[in-house]
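I've put the structures underneath this note.
First chain A sits with chain B, and in the next complex the same chain sits with chain C.
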Partner chain A sequence: MLEAIFAGLMALATPQAMIFMIIGVSYGLMIGILPGLGGIVAIALLLPFTYGHERAATLALLLGAHIATIWGGSVTSILFKVPGAAKSLALVFDGHPMTQQGHASRALGASATAALLGGLIGAVFLAFSIPIVRPVMLALGPSEYLMMALWGLTIIATFSEGSLLKGMIATLAGIMAAYVGMDPVSGTPRFWFGSVYLLDGISFPVAMIGLFAVAEMIKLFVKGNTLVSRVSGEEQSSVFDGVKDAFRHWWLVVRSSLLGLWVGVLPGVGASVGGIAAYAQAAQTSKTPERFGKGAVEGVIAPDATLGANEGGGLMPTLAFGIPGGESMAILLVAFLSMGIVPGPQMLTSELDLVFSMVWIIVIANIITTLIGLAISSRLARLPTLNPNIMIPFVLSVCLFGAFATRGLIEDVLVAAFFGGLGYLMDKYQYSRANFVIGMVLAEMIERNLHISLGLYGDFFILTRPITLAMLVFIIFTTALPFIRQQRHKKNKQANE
Partner chain B sequence: MSKILLDVNLLSRHGKYLKILLIAVLYTFVFSTITRAESIKGEIVTIISANSAGGMMTRYARMIAPYIKKHSGAADVRIKIMTGGGGIRGTNFLWFEEPDGKTIAFTSIPSLILAQLSGSEAVQFDATDLTYLGRAATEPRVLTVGATSSILNINDARTLDRPFIFPSQGTDEDFYSMAVLADVLDMEIKIINGYDGNSDTALAVIKGDGDGHITGWSASEAIIEAGDERPILTLSQERYRLYPNIPTALEVVEGDSRQAVQAIVNMLDMRRGFFGPPNLDPIATEELRMAISAALNDPELIEQSKLAGLPLLPSDGKAEQQKIGQITEASQIIVPILEAALHAIL
Partner chain C sequence: MSRRFQENIVAGIVLIVFIAYLLATLGFGPNARLVPLPIAILGIVLVLVQLVRQNLRGAKELQIDIFSSLTGVKNTTNTEEEPSKKPQNNFQREIQAMFFIIIFIGLILLLGPVIAVFLFSSGFLAITRHYAPIKAVWTSALFSGVLYLLFVAVLQLQLYHGVLASLITS
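Right after this comes the complex of A and B.
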């Protein structure tokens, strides 16, 4: 194994591989920063340029670009409340409040470091968990995925402060929005009003662009002030405070990374669900869950560590079974086949050096991304202090272009504008936008997996599937934990008085 | 009033010249229209890619378009993306286009036919009336079972003492193909819908949650090679050259059932194809069929397709049109089966 680890690294020690890696990372950062575009687009656009080069160099280009998009997406979530991709959504919840409080540099530093640590931990655990990947994949099924989605749903309580009813209404509205289009089970059109455009459903990245970015720009226009006051933006913290935060919360990073790794390994569980689940476990295991949603740095660290580790996990089913762990891995699989790489168990034996080349690419690409990220974070952090006369047209044009670019449909621009208005009104009347998108992300996953579980395992599947039952108990426990802590805190306070 | 009378007089005086002028204008209009309809040479041809911008279909269309231009004499061949409804949006648009050969489309033909046969409310076209111009690529669909399954061949699947569990990602061509197969083979099946793509159904079969699933060879080859799945039946005209021991669905059915299976196989066989609006001008049809055929047999394109990992398996437009005829004939047998399959999951 040590030989394979070394051979994998040596395959990357060529000028072509290193140049390709740097090109891939730089390009990935740019794509990631553009709203609505993520790793899938980055790899798809690179595919035509991957023929006739060294295998390791080609993989460095593709995987490097894919990994860099993760942090690129986090940047806009933190600075402008614009998730670069669906999976960066959870970064909005606490990242942007940190920016508003003048801690943008710290948030960016924490985000880049958490993504790096997540990537490294994910890569190391990936290397060691190669022998157990198959049994774990085969042990978990739709009923366990359902539990994972339900776990993500428990986080809505965090964003329902003030009125649980309003929080529930926002979540239900998100679920309703997710039901527009074809039913994933029977193919029956729902809420489509005779429009073929609506038959494909509402694009999630487009809705996010509207709900957050466009709504924030409307708010800014109405308020007539900068997104963040120049004074608070400059004075409050530094990038290295964020770096220290990530190391200070090392146990959270480890937990989130392992979660991200396994979310990546399991096909059918998207990275956006993983980000929300990571956020949920960070909030539910925190001693001060009330800080979440208001600028808690742990709310930035957990999702970024998960996303960093997720990519390595996604490689496993792609390599071990030829089953892509997600859409971007499906495109990567096409590239593998055109390079003569045939996925299967033999990848983990006879082609182990190539597998380790990929693990090394994840490590090196994460390091390069973080170095670039830390170097530019303090400058990026100044962007939200721009005059609104520059900021509003700039952000709006980039976002609406992003909305169009996701599917090339002009209707998506109109939908982004509609969700912008909706997001502004929700914010004004204190209906949580976070709950809306959580409902939207998890609705389909819950619907699919509930239907499959009932069909496969019967009505009492929760009781007949031991892992499912254990996960349900865990969900009940982690959901109750903050309330138990609160009660204890009250009792202690009363006892002291 | 006097001015109008004057004009009438003027008209009667110059009536002869005006008649000549009117005939000349009409002649020019009619002649130019006929000329435009006759040939696509020197014209701009637009190919509607009815799928996503970065998807496989659009990648095929973009790769082939320059070669259609080369072999057709068209001034340019452009791609217009019209994503939506699994190809329905782009095809709806094409349906109302002028049949002059200047606008054609490229998408998954089985998806269109099934959308129509299953009574999708979004469909505004009649797939049997479209003008088929040629197939770019297809691959056999294959029914695979898990490597650890007790089902070793199609007969084992037919004689199971319980329903054959078929994980499916939705009401796509594989769902309907399995419904028809089960009907004609007298198999009891339980379709579990809602899986998130081929990867998810493959994992369900490997795990043993499902008995078998249908997918394309390219998607299943790596899994079969890895020893995680076993092919038991192909839905193709002939046996697949890499697995000559695996029978085709046509070999295991007899009598009237054969017509239904043949229709399904024909439909799956049409896969990635070019087509035009109904009643496409015969000359434009001929030119486009020849140009598409020549493009798909161009050695340069064949080489490029290998490099891009987009394999070609061309078929002539006339042959594709004949398959549509057979599908229409068999639709009376197929439609009730499709409706029953859909009803079973609702």
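Right after this comes the complex of A and C.
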């Protein structure tokens, strides 16, 4: 195994591999910072350039770009309240309040460092745990994945903005929006109103660009002030405060990274659930949970560590079983196949060098991303203080161009504008936009796994599958917990009075 | 228009959407409506509960802040009937914002994204008097050029040229 670790590193010690790595990371950062264009788009656009090069170099280009997009997405969440991708959503809750309070540099520093530490933990995990995790993974079936998705939906209640009831309505509306288009199970076209465009469904990135970016620009115009009401240069902390924060909360980083790994390993769950779950566990385990949602640095560290570690976890089922850990892993799988890399058990024997090259790519790409990130953070932090008269036309242009670029369809621009108006109204009347997006993301997973579970295990699958039943009990417990705490608090308060 | 009345209008619209969704799902087969149907029913129930709550309860009781539930600390930021500082002015700005977006979308459909970005940006910068007209034009031209390079030259996006171009060529 040591030989394979060394050989994996040596394969990357060629000029081509090193250049490809730097190009990949720089390109990934750029794509990540553009709203709506996350890792999937980044890899998809690179696919035509993957032929005829060294395998390790091509992997450096693809994985390097993919890893850099993660932090790029965090940047827009923190600075502009615009998640670069669905998985960066949790960064909005505390990252943007930090920016508003003059701690943008600190948030970016904490974000980059947490992502690096999470990435390193993920890489180490990928290297050593394949034989251990395999039986656990195979023990979980569609009914357990259904429970995972339901858990994702219930935990979002823990960070509903304002009214819990409105948050739940927004979640259901998000699920409804996700069912527009062809039903993948029965092949029935649903809610398509005779439009061929709607048969393909509503694109997540386009909806997010509208709900967050376009809506924020409308808000900015209505408010007539800067995104962050302070003058440039009035930063209250530095990037290195954020770096120190990440190391000070090392236990949170470890916990969140392990969560990210676990979510990454579970096929089809995706990093979106991981980021949200990491935020929820950080809030629930904090001694001062009241700071969450108002600029707590832990609310930035936890999701970023999870997202960083998720990649290592996600690569494992992708490589070992050919089952992608998430959407971006699915497109990586396509790239692997086009390069002649066939996932399967042989990856752990005859292709072990290549697996370790990927481990090293994750490590090196994370380090390069963090170094670039820390270097440019203080400059990036000044962006939200730009005059709205400059911000609005330029950000709106990038957003609508980005909406068009996701699938090359002009209808997506209209959909982004529609969701922009919807997002503005949701924000104004406090129907959580985040819940809407999470509902959209989890809807397909819920429906698919429910159908498979019913087909495989019958109508009473919850009762016949012990792990599923245990997970359901866990979901009920975690959902009821806040209400129980509220009742206890009321009783204590009444007793004290 | 009071905040409560506005909230009722919004909840009413959401209720109509859920009911329409429910009616649409009834036309699907059992597999296709397995999840959408209960979602629609649950949505209708929740919106009705929301409507009842926001009309029968006091303004302060309308919000269940989950952070308060978790921590016992009151969140003072959200109040349902918090009056807007300048409601009339806000409404005018909202209409203006919608107008700008409609104009921008119209330009994109008519002329394609690159020319639309140039015209919209220079128009916006000039109208808001952020830049003098000439500076607004060259700043927008530079910005449009950067977007063109990024999306078309680097990312090789197949550009949409607008309805006008297709009318001229046909």
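Keep in mind that, in the parts below, the second predicted complex is superposed on the first by the 437 of 497 C-alpha atoms of A that agree within 3 Å, B and C clash if a C-alpha of one lies under 4 Å from a C-alpha of the other, contacts with A are read in each partner's own complex, and residues count from 1 in each chain.
In this section, a residue touches a chain if its C-beta (ideal position, glycine included) is under 8 Å from a C-beta of that chain, and two chains touch if they have at least 3 such contacts.
The structure presented is a predicted model; accordingly, all values stated were derived computationally and were not measured.
Between chain B (first) and chain C (second), which, if any, makes contact with A:417: first, second, both or neither?
Only chain C; A:417 stays clear of chain B.
Taking the superposition as given, does A:408 touch the first partner, chain B, the second, chain C, both, or neither?
both
Touch test for A:169: chain B only (first), chain C only (second), both, or neither?
A:169 sits against chain C, while chain B stays out of touch.
Go through the superposed model and pick first if A:372 touches only chain B, second if only chain C, both, or neither.
neither
Name the contact category of A:185: first (chain B only), second (chain C only), both, or neither.
both
Looking at A:18 after the superposition, I want to know if it touches chain B, chain C, both of them or none. Which is it: first, second, both, neither?
A:18: touches no partner chain.
Where does A:197 make contact in the superposed view: on chain B (first), on chain C (second), on both, or on neither?
A:197: touches chain B, not chain C.
As a test of reading the superposition: which chain, chain B or chain C, is in touch with more residues of chain A?
In the superposed model, C touches more residues of chain A.
If you stack the two complexes on chain A, which partner ends up touching A:451: first (chain B), second (chain C), both, or neither?
Both chain B and chain C are touched by A:451.
Could you tell me which stretches of chain A are touched by chain B in one complex and by chain C in the other?
Looking at chain A, the two contact sets intersect at 45, 48, 185-186, 188, 408, 447, 451.
So in the complex, the part of chain B that touches chain A is made up of which residues?
Going by the criterion above, the answer is residues 52-54, 81, 83-85, 88-89, 92, 118, 120-122, 165, 167, 170-171, 190, 192-197, 199-200, 202-204, 206-207, 209-210, 218, 222-223, 225-228, 307-309, 342, 345-346.
Where on chain A does chain C make contact in their complex?
Counting only chain A, the residues touching chain C are 45, 48, 157-169, 172-173, 175-176, 179, 183, 185-186, 188, 190-191, 214, 218, 221-222, 224, 283-284, 289-290, 292-293, 387, 389-390, 392-394, 396-398, 400-401, 404-405, 408, 410, 413-414, 417, 420-421, 424-425, 429-431, 443, 446-447, 450-451, 482-483, 485-486, 489, 493.
Using the touch rule from the top, collect the residues of chain A that touch chain B in their complex.
40-41, 44-45, 47-48, 51-52, 137-138, 141-142, 182, 184-189, 192, 194, 196-197, 199-200, 267-268, 317, 321-325, 330, 334-335, 337-338, 342-346, 407-409, 447-449, 451-452, 455-456
Hey, which residues of chain C end up touching chain A in the complex?
Where chain C meets chain A, its residues are 6-7, 10, 14, 17-18, 21, 24-25, 28-29, 31-32, 34-36, 39-40, 42-43, 46-47, 49-50, 53, 62-73, 78, 80, 90, 93-94, 96-98, 100-101, 104-105, 108-109, 113, 117, 120-121, 124-125, 128, 130, 140, 143-144, 147, 151, 155-158, 160.
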